[in-house]
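Below is one structure, written out as structure tokens; comments come after it.
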Amino acid sequence: MTTQKQTGSESRYDKGLRALAEVDGEAGRKVVESLADIAPDFARYLIEFPFGDIYSRPGLGLREREIATIAALTALGHSSPQLKVHIQAGLNVGLTREEITETIMQMAVYSGFPTALNGLFAAKEVFEGNRAAEGEAA
Amino acid sequence: MTTQKQTGSESRYDKGLRALAEVDGEAGRKVVESLADIAPDFARYLIEFPFGDIYSRPGLGLREREIATIAALTALGHSSPQLKVHIQAGLNVGLTREEITETIMQMAVYSGFPTALNGLFAAKEVFEGNRAAEGEAA
Amino acid sequence: MTTQKQTGSESRYDKGLRALAEVDGEAGRKVVESLADIAPDFARYLIEFPFGDIYSRPGLGLREREIATIAALTALGHSSPQLKVHIQAGLNVGLTREEITETIMQMAVYSGFPTALNGLFAAKEVFEGNRAAEGEAA
Amino acid sequence: MTTQKQTGSESRYDKGLRALAEVDGEAGRKVVESLADIAPDFARYLIEFPFGDIYSRPGLGLREREIATIAALTALGHSSPQLKVHIQAGLNVGLTREEITETIMQMAVYSGFPTALNGLFAAKEVFEGNRAAEGEAA
Amino acid sequence: MTTQKQTGSESRYDKGLRALAEVDGEAGRKVVESLADIAPDFARYLIEFPFGDIYSRPGLGLREREIATIAALTALGHSSPQLKVHIQAGLNVGLTREEITETIMQMAVYSGFPTALNGLFAAKEVFEGNRAAEGEAA
Amino acid sequence: MTTQKQTGSESRYDKGLRALAEVDGEAGRKVVESLADIAPDFARYLIEFPFGDIYSRPGLGLREREIATIAALTALGHSSPQLKVHIQAGLNVGLTREEITETIMQMAVYSGFPTALNGLFAAKEVFEGNRAAEGEAA
């Protein structure tokens, strides 16, 4: 649980922080914070491996990466909080609402109608939350 | 696989056949044929719903649709034959090998390393099969 | 596997609406309505494919179809709202409470005790909701 | 739901053996034998709990129990050997081939087309194995 | 792997009750009670098979058994109430909080980061519930 | 896909290589090699995150870590090659055959009998392969 100086891994951490901020925004920061008292090292891994290593790779755009993640989380069907974070992340990196709902609908073919339905309801919640927030801001 | 006259559903069937040919090519035709004696109606549904209804929708490109499908099938981990068909389908609709392996590698984050590993080995098999076929053609 | 005359895709929708009403009753209608603003086409697919195509097929009775669905949703373990809809649907098409709990209990063998337990608690909720409603009606 | 008198665990074993023979026939016996050197106690549990306790219960017929099992194993998608055993078991307890393929096809709705396809191919293998055996016997 | 003398199914029940009390404590008793009106026989099976047969076996310690269960329930990702019961059970049989969070964190490798995250949040809830209770008791 | 010098991450790599050798032995090396032409960076991640980060952590012993992994892979049911690697890994870090089969059998409770059966058959294959190799060596 030490926070020893690591010149190389620090750069993974920094790259990860930047990718996390770009992709997940506020939600990512909250997840990391909520791990502080139970598993602080896991917060670091979460920044370093998924974001520092994977999302920072050049071979696939962030829009495509979020399509892949939304598809997988819809299909697996067991991680509703993370699916919502990534629906928002999809919007953050430039996916349209339609592209997100199309991705989710397509999962009816690969993991069944219930997973697609629950994915669409998750999207509805995220979209409506945003609409409410836009209303407040107006 | 009777071809009874259906004015409305025929267009779904025809649209589906066209999308299936574009996406899955030869492999799609073989799956449909292999269903002929056990569940011919299911072959029809497979053409009509996934391909006639979903893949034919305008809101998401075929490249993005294949990224979503490869991601989901890698993550679910239980449908290796269909994953291989869609890795080939990804190539058919213009994904590069790198985009496909990036999509699969990313699943290590969402469904674990074993599913990503098995996805990469499936990709290796598809890519090598193609390379062998290219060799034969040369 | 019969080849009955179907005038068009509208008849799939109408057949689906009838099957949906018979099987899911009020709950089905609510799901369809809740999709209206997020993915109206998906509401149509839900009526056409599962209900218009599958549940309308003559080769298996609705009681058996609901046993299959309750078993699968209990075993998958990730779609509690849909499981509850189909426990009610089972009652709607004539399954007894005992047949439903037997189906769910059997899943302890195939997907483990936690899925069976969660299935039984879902059934309890549906049965008690009905009992409360019967009480109100009395 | 009564707690009828049971003379001992031996009677669960005997009830289980009888149910196993009725449901799984030869295939059940082979599974039990193949466990003899690795986990003999597990062979006993397999006879006692699923077959002695569950399949022997009066509240649901064996035909319905096999529909539930075929549905669940198709939907879970990860246990192809057991699915084949239960497709044969379905035939053993009086399901028609059509009832079995209808059950499997329906899973396209609940766990996706790939699981339904793999289930249909498993059924094809079982049905063709039987046809070959019938040919030999003729 | 011995086949020690068992006087009857009652002794499985009694052995199971003892193991259930040792492992799950209060939570186990509540689950059994909550099944009383919906599926009383299932409450008996739950005591007899998992606890009377499996947890009572000598070949693996209760600490190791709880590590296995916490790992599996975290990885499956669909049974949050049972995961919480077994995180408490892990504490009951002598696992430290650190051993439990290490087990859960490791699942990021085998079933993905979302399942590990949800497992850690479940652990946080259980640990904080205990801390609150300890505070009340002080 | 570059292999740029990273002073900190090299130490994760080295720690990971050591843990991989200790845990997976020959099998781990083969998996890494088989990734060389399809996804060399993924081979590096596999060494760095699961083995360099997770298995190298002090809070849980390697025996306990392998119990957790065997449990999870048995329960997930979709990664038979990795399960076999970790059954061998369990033996490598000092688990007895009995401890491994007990862990797998216990999964009947949490993910169903088919996953436990397939896990036991995987263990049988690994144990028999070893016995054959011991015979050759004699």
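In order of appearance the chains are A, B, C, D, E and F, and numbering begins at 1 in each one.
In the analysis below, contacts are C-beta pairs under 8 Å (C-beta built on N, C-alpha and C of every residue); 3 or more make two chains touch, one makes a residue touch a chain.
As the structure is a prediction and not an experimental result, all values here were calculated from the model.
With steps allowed only between chains in touch, the distance from chain C over to chain F comes to 1. Common neighbours of chain A and chain D under the contact rule above are B, C, E, F. Of all the chains, the one whose CA centre sits at the greatest distance from that of chain A is D.
Centre-to-centre, using mean CA coordinates, chain C is 32 Å away from chain E. Taking each chain's centre as the mean of its C-alpha atoms, chain D lies 29 Å from chain E. For chain B, the set of residues touching two or more other chains reads 41, 45, 49-50, 57, 73, 75-78, 101, 105, 107-114. Taken as a contact graph, with one node per protein chain and an edge wherever two chains touch, the assembly is complete, since every chain touches every other chain. For chain F in complex with chain D, the touching residues are 76-78, 101, 104-105, 108, 112-118, 120-121, 123-124, 127. Touching chain A in their complex are the following residues of chain C: 31, 34-35, 37-39, 41-42, 45-46, 50, 73, 76-79, 81-82. Residues 1, 3, 5-12, 41, 45, 49, 53, 57 of chain C touch chain B in their complex. Listing the residues of chain B that touch chain E in their complex gives 75, 107-114.
Here chain C touches chain D in the complex through residues 1, 49-50, 54-55, 57, 59-60, 64-65, 67-76, 98-99, 101-103, 105-111, going by the rule given at the top.
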